[in-house]
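In structure tokens below, several structures.
One chain, chain A, links the two complexes that follow: it is found with chain B in the first and with chain C in the second.
Up next, the complex of A and B:
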């Protein structure tokens, strides 16, 4: 049918354009601006940094850019205890944060879904943390967890729960807790909002059939609600995995990787190596490891998303 | 009789727990933000008071200082605000146009390596800002784009294009092909058919992509902190650092600037709230 129409439209004027377009197909013309901007802003710097990760490049001595030292930077990283502990801590941090966000998001969505009065208002409040800049979240919780004047300690002391001031950002374990708290505060709403949207879209029939058949609330949730929510959960995870590195802003502000490197993540270590020590080559090598980490997360969740989608018959693309 | 009574009391307990849980969650979400707003109106003495003062006094001291001259602890708020606004709006508009073109191409055309291109674009988005900022800084320094609006706009366009493509692709896919075919039979060109028929249907997807692009640019810090140097291009998130000295932070002033930073994001999100959720779910899940 479409072919037929196209033939019908072939006036001389169109044919002229047609030959032009045969060289550059329409989809390519449409995608070209996107390709150009991505190449200029992301690809070229990445290629440059890949090259410089094989040199001992120091910002202070530009001539070092032309000395090829092979994989020496990577070897240095791979044998560096500080790097590996930062790497492991990053994985741990992301695993804990993402799981908590998912769990809380699901809980919040289920609770809000049950509300009959003022649901719109609650949903609006839920989106509140999404508007906060990560760096602002960092400052906000640095303020709240300040051991001297912070809200957390003031409240604990006023309620008589604790006499002494807790060193939230000074003690290693508490500092880790604090940055995870900030991260979860910032990102749980993405999960809650998306899962809530999934709950709204759930078809009524299977739920009613389950009720008629005498399913318990848990069985209904486990076998009907949850499978239906899976694509929504994975889309939230995919969106999150695209910018897991936002945690850099928070950690940089709240602890700067301290105390004594106890909250050092791969991103803070990289920025310190690059900007403070000016060892660009080494930092770019670390950057590549962090890029691979982000990409692994993204691909993993994308795969899960497409699997969940095709299971529900939403189509099989990506 | 007895059984129905225990049943009823159990339900009442559950209901109470539900309300309590909701209340706690809402409190946890709201209190940190409200704390910032509250402290922007409190005098510094009171913020630093030990033991804490629980009955706040109201003052506009921090706002006055912030808008005042440099000698009074003022910061160039108007510059930061306008830099942020120019960069965010420009990058959002450009990213939406580029992204819409890309989304349309993915939704409507068949071509080789389509999935490959798509995943490739998404992976570019996944590159962490910090990792990109090191090489980008050097490249931009070579071409003289450090400390300019254009430099930041370019970066944010690149950050927002992949996500825009993803969302709009899902939306265009929802629209039956018959729509634009019918319009073309009626004498529209492909271009006219897009703007008159397909664009209006996909509007809420575009709106949600736009709000996400705006929020990303408005809130971005890791790249902006490296690519801006002076008042001429520093954005609000970078401006927040003006209130930090080596060992002390001017909390009141910082809170005041933070409030100014949140207001536009808040207003904008409320306006397009409905589109936001629809855009995410339809664009992503069913795309």
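Up next, the complex of A and C:
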């Protein structure tokens, strides 16, 4: 019996099996290119930036990258008034801009939905603001709100509403208003288009049933249309909250975070810290703190989204 | 008193006219069924009564009010839709109570009305579920419950059973009839299924191409069809129609020079040489000797059977009659082989003659 086994172990098939065992599993080999690319473009930069947030890394002095200072950057941020006011201002900016965009987007979508002739054309025109680069939108509104030659002041003066040249981009509150105005102008159509898609998806029957059941137009909207639109609204809010939370270009062009930091948002502060002051370690730490903001908003809206979906009976919670 | 009156009601979509001047009077408490093939304008007519479609011309009144310019919510009607049209984000209880809540009724009253409707339709167990958790039949019952709760003057049903399977459809048909006997309201019911129309209706309105073809009780439509369309649409299997020519000897010559006498009822209406269609139902062409009571004048025929459809209490026989396939009915059936020649009796008094030119029945 033992002799027979020894003979078996030396058959060629067995050797072949042995080499098979040493090879990597096929699924791993097939996925390897994806793994490598993911690591190169996402994982390594992520780990590197996380590491650098624990160092006093300055772009001008590369050697600082190797000095570990623990959580000192984070401690500095936690007590930094400038950071927290930018953080708070970003939340304010986000809240006002998103609410306005939602409101206007909803109104526009409801109106466009009523249009029967040329609706396609209107839908296309509606998306024009989305097609411009935010940088260009920033320049455009910087011109419009210029206190000497801008359209806004010219119009106000020509209509006799105001004599004074309003300092649109200099006064802290007005500057914030101007930036929000530009942001809303550019991105309301995101809401309009998504909500319009939601309106198209509403079945006709419940709307008609509501009419027969005695609903006025407002009641139909409140009790039937709006619940159907909620999933679409939350999708739009999720996408836009991520978008607005990283607002940088429009602000940078229009005010550069100024005057004197009165329109400073997280990302303008971060880029100034990282690239102008060259304190990349600190900037990365700020990035990691502010990412919490985005995550919090995303989780919040996503929960709302799945609640709205399950309320309509669209499958289970996501 | 809730009569519904349609006076020359027209519906136009742009240049296309879908409903051409419909005149109709539906009595208080009547179960009126609008039936016809798809695209005949029956649903459009119903939707005009509901106020979901504008009325292009003519006048609709519910009770003593002309409702042409009233929005649906002021017409005091309830509608049950083909796709149930439940509110997916509300529970059954909320769905049922919605109309009263919108009308700002006191909570206690809503509760009572909802409970009552749920009792009538056996929905008590389902009150906290959402529509997505209900079966088709349950959804349809909720839709009917929602209609009852509103306590409307008129119920409108738009093909409410078309989305249910055959067995459930039969069951719900009975429930709808019971519901009508219980609440006694005027009901206007649209369907394309003639069986539903026959079984449910007090009166049937048969429509085609935006016109009313015939209005009458189910038996009137069945026994005295106004034209060949009525004859073939109402009743299953459809009436057999055979082309023929009237001769002066009070007979009709069919193809293959087979002749049949003219039924007594049609004698005064035909002229010699007129092209006609001779019609009879399968029930009136019976194999001889199957313990069937035969009435009136009988015509003896020998027909060759090509196909049989046994249904249990009866068997449908497809036979060759003057070169055309006709259906006959064998009660107390025995097995029949294809190709077998059988002696039949045709009950002449129940046969019909239609004008071949316009399809109209020729009858005194």
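Just so we're on the same page, the second predicted complex is superposed on the first by the 273 of 318 C-alpha atoms of A that agree within 3 Å, B and C clash if a C-alpha of one lies under 4 Å from a C-alpha of the other, contacts with A are read in each partner's own complex, and residues count from 1 in each chain.
Here is the rule we go by: contacts are C-beta pairs under 8 Å (C-beta built on N, C-alpha and C of every residue); 3 or more make two chains touch, one makes a residue touch a chain.
For clarity, every value in this text was computed on a predicted model and none was experimentally measured.
Colleague: Using the superposition on chain A, tell me whether chain B and chain C clash or fit.
Modeller: With chain A as the common anchor, chain B and chain C both fit in the superposed model.
Colleague: Figure out whether A:48 sits in contact with chain B (first) or chain C (second), or with both, or with neither.
Modeller: In the superposition, A:48 touches chain B alone.
Colleague: In the overlaid three-chain picture, which partner chain does A:227 touch, first (chain B) or second (chain C), both, or neither?
Modeller: Touch status of A:227: second partner only.
Colleague: With both complexes overlaid on chain A, does A:66 touch chain B (first), chain C (second), both or neither?
Modeller: Touch partners of A:66: none, neither chain B nor chain C.
Colleague: Now for A:218: first (chain B), second (chain C), both, or neither, which partner does it touch?
Modeller: A:218: touches no partner chain.
Colleague: Identify which of chain B and chain C touches the larger number of residues of chain A.
Modeller: Of the two chains, more chain A residues are contacted by B.
Colleague: For A:206, is the partner it touches chain B (first), chain C (second), both, or none of the two (neither)?
Modeller: second
Colleague: So, does A:283 touch the first partner chain B, the second partner chain C, both, or neither?
Modeller: A:283 contacts chain B only, not chain C.
Colleague: Rounded to the nearest Å, state the minimum C-alpha distance from chain B to chain C in the superposed three-chain model.
Modeller: Once the two complexes are overlaid, chain B and chain C approach no closer than 9 Å between C-alpha atoms.
Colleague: What residues on chain A does chain C touch that chain B touches too?
Modeller: Correct list for chain A: none, the interfaces share no residue.
Colleague: Quick check: in the complex, which residue numbers of chain B touch chain A?
Modeller: 18, 21-22, 25-26, 28-33, 35-36, 39, 47-52, 54, 97-99, 101-102, 104-106, 108-109, 111, 115, 117-119, 121-136, 138-139, 154-155, 157-158, 161-163, 165, 173, 177, 181, 184-185, 215, 218-222, 226, 236-237, 240, 249, 251, 254-255, 258, 261-262, 265-266, 269-270, 273, 276-278, 280-281, 284-287
Colleague: For the complex, give me every residue of chain A touching chain B.
Modeller: The touching residues are 1-2, 5, 9, 25-28, 30-31, 33-34, 37-38, 40-46, 48-49, 52, 59, 107-108, 111-112, 114-115, 122, 124-136, 139-144, 148-149, 151, 154, 157-158, 185, 189, 193-194, 197-198, 201, 231-232, 235, 238-239, 241-246, 248-249, 267, 270-271, 274-275, 280, 283-284, 287-288, 290-291, 294-295, 297-299, 302, 309, 314-315, 317-318.
Colleague: Spell out the part of chain C that touches chain A in their complex, as residue ranges.
Modeller: Residue positions touching the partner: 50-52, 71-73, 77-79, 81, 83-89, 98-99, 102-103, 130-133, 146, 150, 156.
Colleague: Can you list the chain A residues touching chain C in their complex?
Modeller: So the residues of chain A touching chain C come out as 203, 205-206, 208-216, 219, 223-224, 227-228, 311-313.
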